[in-house]
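One chain, subunit A, links the two complexes that follow: it is found with subunit B in the first and with subunit C in the second.
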Partner chain A sequence: MLAISVMNGLVIGVIYALAALGVSLVVGIMNVVNFAHGELYILAGYFSYLFASALGMNFIAAMLIALALVFLLGIVIEVTLIRPTYGNDMYSLILTFILSIVLQNAYLLIFGPYPNKPPLWVKGAADVFGLFLYGNQRLAALIAGVAVIAVVFFIIKKTWFGRIIRATSQDREMAELNGVDTTRLNMLSFGLGCALAAAAGVILTPVFPVTPTAGVPVALTAFVVVVLGGMGSMWGCVVGGLLLGLVENLGAAFISTGYKNVFGFIILILVLLIRPSGLFGRAKV
Partner chain B sequence: MAELLEVAHMDLFRGETQVLWDISLSIAPGERVAILGSNGAGKSSFLAAVTAGIPPAAGEIRFNGQSLVGKRPHEVTGLGIALVPEGRRVYKDMSVRENLEMGAFPKNARGRLKETLGHVVQLFPILGQRQDQPAGTLSGGEQQMLAIGRALMSRPRLLLVDELSLGLAPMITKSIYRTLSELGSDLTILLVEQNVEQALNFSQRACILESGRITRSGSSAGLLQDADIRRAYLGL
Partner chain C sequence: MALLEGRKISKSFGGVQALSQVDFAVDPGTIVALIGPNGAGKTTLFNAVAGAFKPSSGRVVFDGRDITGQPADTVCRLGMARTFQVTRPFAAMTCLENIMVAAINRYPQKPRSFIEGFAREKLSLVGLADMERLEARHLNVVQKKRLEMARALGTDPKLLMLDEVLGGLNTQEIHQAVEFIRNLRDKLKLTVLWIEHVMGAVMQAAERVIVLDQGKVLMVGTPHEVVNDPRVIQAYLGE
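Take a look at the complex of A and B:
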């Protein structure tokens, strides 16, 4: 029971971390909170369901196309909805909130209220350290999630793109003076943020099927993780995501399933009481 | 010789407030020029106009014959203008090395990053010794050196330095000025300073900005001897 709950917590925690990295990236660069983050997560799930189950494509190809499409959609959203609101964060908040409702209802119209599920990547179950049997698909999701997070860390820490992202989130004006075209960077990082939501979506939907509103709790949790981990901290996203996943699952297993979503907020409140800037956040002077 | 920077009859507003009136200033390649004036005289606003931070309401700014009006900051940087901003504004969470690399982001500088880095570290050896340290852990003087090094990393033709001496000990200011004066004459330097004596000693030519207007200009040596200036700015 304990071991399985920990495993479940890790799987969902990695997904939370991925979704939170996407939110954190966009908040850090643009100071924009994308309320449609969860709907883009779901969209990637629908895309991979559509391409793999309905059109019979290879599941990896279906996932990659889903990622690319959501990335492009993110760029379109940035250019059409976010760019005109530069300088007024409230407008982008409201616009993305409207977008999330529009998307939810579009999914309802197109796919219906029923859960849809892309095919499993792998079948069967594996013996984990001789402790318990665990679904191969969940193990694969865990590995894929960790791999994507590792790629994101590599990009942010080691490449030019990552360097300008870190510089711009610290001092936007100075980065412009260093030759960064921040309008273009906004567009790319918004697209990348959406693609991270999509990555979480394609990895998790074979385990937890998609419904039109299934993105709402994921996005909410991602926001919680960003605040919990500390604004702008990548390690905060990873640690916060795992912590939340573990607490939810252990709480559900040992206290009550009904309060599953409450545990995360309890942890959030406790952490903020002790460290108002989050686990890895820098105290603002 | 053609002028490198040419500002003609520029008016500038910050929001609703006019901060500069009818500013004209030309700088030839290789010159060291200083703009002096007290706090709030409009010195930083002048630099903001040149780096395309604030568009001028009237007048013209030309760099190397090309108009800068309507350009965006990153484009101006790409043309070969680099700013050492007031307050240094190093990227505190990034390492010294990464700060310098950020300076070499413009395309024409990126390919020669290693070569330029070697040059900058030679100018400021302390930056080489501390290259893996977060920039936020450097002292004020070291951060100023880093800000200058970062600006030089873009291989600029025109270096703009805003309030170099601000918050630094006189000894450190002096040594940084000495390093700047060792830079070759293919680099043009425009200095904005409250510390009038240091700036006049460093520059060949200077102008004095008072409440948004240029009230005096001339050779730095001449201004240093001028009785009015000595009384108003040097307290002599």
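Take a look at the complex of A and C:
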């Protein structure tokens, strides 16, 4: 019971971390909270369902196309909805909130209220350290999630794009004075943030099927993770995501499943009481 | 032809006329000091020139192009770099990365090895070569100033705009800094526009001096002419 709850917590925790990294990136660069984050997560799930199950494509190709499409959609959203609101964070908040409702209803209209599920990548179950049998698909999701997070860390820490992102999130004006075209950077990082939601979506939907509103709790959790981990901290997203995944699953296993979502908020309140800037957040000078 | 030219630049904030009809020119290869009492509009002029905000009226011509009201990043990529009175490094990045950010934007097509080498060269130019892996927040004030200078050089500028780089330095450090900036100008064939309060340093370093007072150009001349001009003495000391 304990071991399998920890395992479940890790799988979902990695997905939380991925979704939170996307939110954190966009908040850090643009100071925009994308309320449609969860709907883009779901959209990627629908895309991979559509391409793999309905059109019969290879599941990896389906996932990559889903990622690319959501990335492009993110760029379109940035250019059409977010860019005209630069300088007023409230407008972008409201616009993305409206977008999330529009998308939910569009999904309902197009795909119906039933759960849809892309095909499993792998079948069967594996024996984990002789402790319990665990679904191969969940293990694959865990590995894929860790791999994507590793790629994101590499991009942010080591590439030119990552250096520009870090510089801009630390001091936007100074970055501009050093030649950073922040309008273009906004567009790319918003697209990347959406692509991270999509990555979480394509990885998790074979396990947890998509419904039109299934993105809402994921986005909410991602916001909680970002605050829990500390605004703008990548490690905060990872540690916060894992912590939340573990606490939810252990709490559900040993206390009550009915309170599954409460545990996360209890942790959040406790952390904020002790460290108002989050686990890895730096206090504002 | 002048590298940088301001034509009748005016800027008002609400009812306050911060700059009115400022004409000036900076010839290539020279060190030009911009002086004036507090509130004369020196930093405002920098901001209007470097794209922090658009002047209310007037034109800014840089390297033969009209850059009036162009955003800061465009102006930077055209070859204008700037430092601030209070240094603002990217605190959570290493010294080398700080400069790489500047260099990447100036040379987006160049390979990583070039960018790194270029950044390293600028870092050793200011004497921070052995700190390249250190995060910028660990530097002391003088080192941060050097880093800021190196980062400005990392954009490979034609024009370097310095805003009170000598503030907080002691006499010996000031002397070194002046030497350093003169050498830099010769070595990199820079043009320097320099706001400075430390008069001794200005007199040593600059070839031309522009004096601003109450948002207007009071006079332009050699350092010797400027310090002996009664209008300048009056602007600084009063009647």
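Definition applied: the second predicted complex is superposed on the first by the 285 of 285 C-alpha atoms of A that agree within 3 Å, B and C clash if a C-alpha of one lies under 4 Å from a C-alpha of the other, contacts with A are read in each partner's own complex, and residues count from 1 in each chain.
Operating definition for what follows: a contact is a pair of C-beta atoms (placed from the backbone, for glycine too) under 8 Å apart; a residue touches a chain by one contact, two chains touch by 3 or more.
All values reported here derive from a predicted model rather than from experimental measurement.
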Item to check | Combined model on subunit A: subunit C and subunit B, fit or clash | outcome: clash
Next on the checklist: Between subunit B and subunit C, whom does A:D171 touch in the aligned arrangement: first, second, both, or neither?
Outcome noted: both
Checklist entry - When the two structures are overlaid on chain A, which partner does A:R163 contact: first (subunit B), second (subunit C), both, or neither? => result both
Checklist entry - Can A:G179 be said to touch subunit B (first), subunit C (second), both, or neither? => result both
Checklist entry - Is A:F129 contacted by the first partner subunit B, the second partner subunit C, both or neither? => result neither
Checklist entry - Same subunit A residues contacting subunit B and subunit C, which ones? => result 160, 163-164, 166-167, 170-171, 173-182
Checklist outcome for this item: Note: in the complex, subunit A contacts subunit C through residues 160, 163-164, 166-167, 170-171, 173-182
Next on the checklist: Using the touch definition from the top, list the residues of subunit A that touch subunit B in their complex.
Outcome noted: 160, 163-164, 166-167, 170-171, 173-182
Checklist outcome for this item: Given the complex, residues on subunit C that touch subunit A span 50, 52, 71-74, 76-77, 81-82, 88, 90-93, 97-98, 100-102, 104-106, 112, 115, 151, 154-155
Item to check | subunit B to subunit A touching residues, read off their complex | outcome: 51, 53, 72-74, 77-78, 82-83, 85, 89, 91-94, 98, 101-103, 105-107, 110, 150, 154
